[in-house]
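Presented sequentially are two complexes of chain A, the first with chain B as partner and the second with chain C.
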Partner chain A sequence: MIALGFAFEHMDGVTGVTCRRAGDCYALCLAEQAGRTSRERLGYLVRCFSEGMAFLPLHPAQKTTLGQAEEMAMNADLHRALAKVAGTGQLTLSLAPLRPLQNAPCTGQSWLRQKQCDQDRLVTDTAMFERLGEAVQCKASELRRSHHAQQCDLLIERQDEARAKAILAKVAANEPTLDNRTLSISGLWPPFAFANLAPPGSAT
Partner chain B sequence: MTMPFEISTDAVLDALSPSGQNAGRVTIDPETVEQDLARLVLGLMEFLRQIMELQAIRRMENGTLTDAQEEALGTTLMRAEAAITDMAARFNLKPEDLALDLGPLGKTI
Partner chain C sequence: MTVELHFDTADVALQSQNQRLVDVVDGLLANGVVLRGELWLTVADVELVFLGLDALLTTPDKMRKPDAPA
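Up next, the complex of A and B:
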């Protein structure tokens, strides 16, 4: 069985998701074959979230077995963790270049100068994400970078989704550092980036 | 005026990118121990490489490097980055997978 998260009441309502006792709470579970990929796990998490279920979500990118969830339930303060994210969801902001990435620098000196530009851009992007978070007056995750985009998550109250998106659109439209790049927003997702749940056996 | 803001329909990729406090945690799984160890070792190597990269950029900005030194440092760090990326790929690891979470100190990458 694959664990999706934790609930403090027995829940039904989403086909394929069952509740299994884990410590003094319940683990929301899927059959192994239904939750093999992160995309599948995300789909079920979104369905549970859309049904208005109150639960503490595990990150869909991480595959957590029922056994690991049971161990987490014994060792983590799940009640406090759920209280922190109850009634919330997360919006994910992604910043990617509109133009294709430039050709890779071919000399050591040009490579180093490109890295210098990347560092400068990271500083301005970090400041921009902070401004967006302040505009919505919400908690923001750390900035993370992939090869083609920089992203962060914003934790908002579920009923504030429309207001938050409207504010972000207004602030982003006047954001000078966006330049030729596109800022995308996705969500409202279950707040798995803020659930602060570590699988057992993990370091740091 | 073009609005630089849009609602993305490709939201799944955004949500599934490594995020949250668990992104950099190193899990020890008997079935994936080789990949876990590779992630730990290569993550530390990439962390050290990036520290040296930052130091090189600082020296370049301060004007304490000659053109030849910039070229030598840049070439060395560029090749080191490529070698680490290549080794990571052999273990099915992407560059962003090499980020390690140091708790209160933040992430390495």
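Up next, the complex of A and C:
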């Protein structure tokens, strides 16, 4: 069995997800074959979240067995961890170039210039994410950087979703650093980026 | 100046085949630490040497392709 998160009341309502006793709480579990990939696990987490379940989500990128979840339930202060994210969700902001990235530079000089442009863009993007987080007045995750885009997550109250999105749209519309960029705001997602739960023995 | 702003629900983002949303979900599921170091040696505004180091620390499970054997 794979654990998706923890709940403090026995709950059901999502097909394929079962509740198993783990310490003084319950582990939300999934059959091994139903949650082999991180996308599958994320899908089930979103379904539980959409059903309004109050639970402490594990990061879907990390495959946590029921045995590991039971160990966590014995050793971690899950009640305190749940209290931090209860009633919240995360909005994910993703910033990407509007057009596909240019072809690889053909000379050393142009390659260096591109590296410098990338570095400058990282600095301005980081500052912009900070401004967006401050406008909504919420906790923000650290910036994630990939080849395609930069992302960060904002932890907001579930009932504040519409207000937060309206503020983000207003602030983003006046952002000069968004020139020729695409800002995607997705969610609400379960707040797994803020739950800070790692199974025993994991490196991340 | 061109700005594109998109709002998507979690369900739409997960089920979409749109490359933008596929990238959003892939980024959301990224679970590792990237160490990046860069050093430029410059004389009189002329870049002479660039040293770069990119390292990714993550779990073997994350690095494995989804269809690869465990």
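Descriptive notes on the structure:
Note that in this section the second predicted complex is superposed on the first by the 202 of 204 C-alpha atoms of A that agree within 3 Å, B and C clash if a C-alpha of one lies under 4 Å from a C-alpha of the other, contacts with A are read in each partner's own complex, and residues count from 1 in each chain.
Just so we're on the same page, a residue touches a chain if its C-beta (ideal position, glycine included) is under 8 Å from a C-beta of that chain, and two chains touch if they have at least 3 such contacts.
Predicted model, so just to flag it, every value in this text is computed and none were measured.
In the three-chain model built by superposing on chain A, chain B clashes with chain C. Looking at the shared chain after the overlay, A:L188 reaches chain C, while chain B stays out of its contact range. In the overlay built on the shared chain, the residue A:S50 is in contact with chain C alone; chain B does not reach it. Once the two complexes are laid over each other on the shared chain, residue contacts for A:A76 go to neither chain B nor chain C.
By the document's definition of touching, neither partner reaches A:A86: not chain B, not chain C. In the overlay built on the shared chain, the residue A:L197 is in contact with chain B alone; chain C does not reach it. Judged by the touch definition given at the top, the superposed model places A:S141 against chain B, while chain C stays out of reach. After overlaying the two complexes on the shared chain, residue contacts for A:E175 are found with chain B and with chain C alike. Judged by the document's definition of touching, chain A residues 38-39, 42, 59-62, 92, 94, 109, 112, 115, 119, 144-146, 149, 151, 153, 165, 169, 172-173, 175, 178, 181-187, 189, 202-204 lie at the interface with chain B and also at the interface with chain C. Note for the complex: chain C touches chain A at residues 1-11, 13-14, 20-21, 23-34, 38, 40, 47, 50, 52, 57-59, 61-62, 66. By the touch criterion given at the top, residues 3-8, 10-12, 14-29, 53-54, 56-57, 60-61, 67, 70-78, 94-96, 99-103, 106-107, 109 of chain B touch chain A in their complex. The touching residues of chain A, counted against chain B in their complex, run 38-39, 42, 59-62, 92, 94, 105, 107-113, 115-116, 119, 141-142, 144-147, 149, 151, 153, 165, 168-169, 172-173, 175, 178, 181-187, 189, 192-199, 201-204. Those residues of chain A whose C-beta lies close enough to touch chain C in the complex are 36-39, 42-43, 46, 49-50, 59-63, 92, 94, 96, 98, 109, 112, 115, 119, 144-146, 148-149, 151, 153, 165, 169, 172-173, 175-176, 178-189, 202-204.
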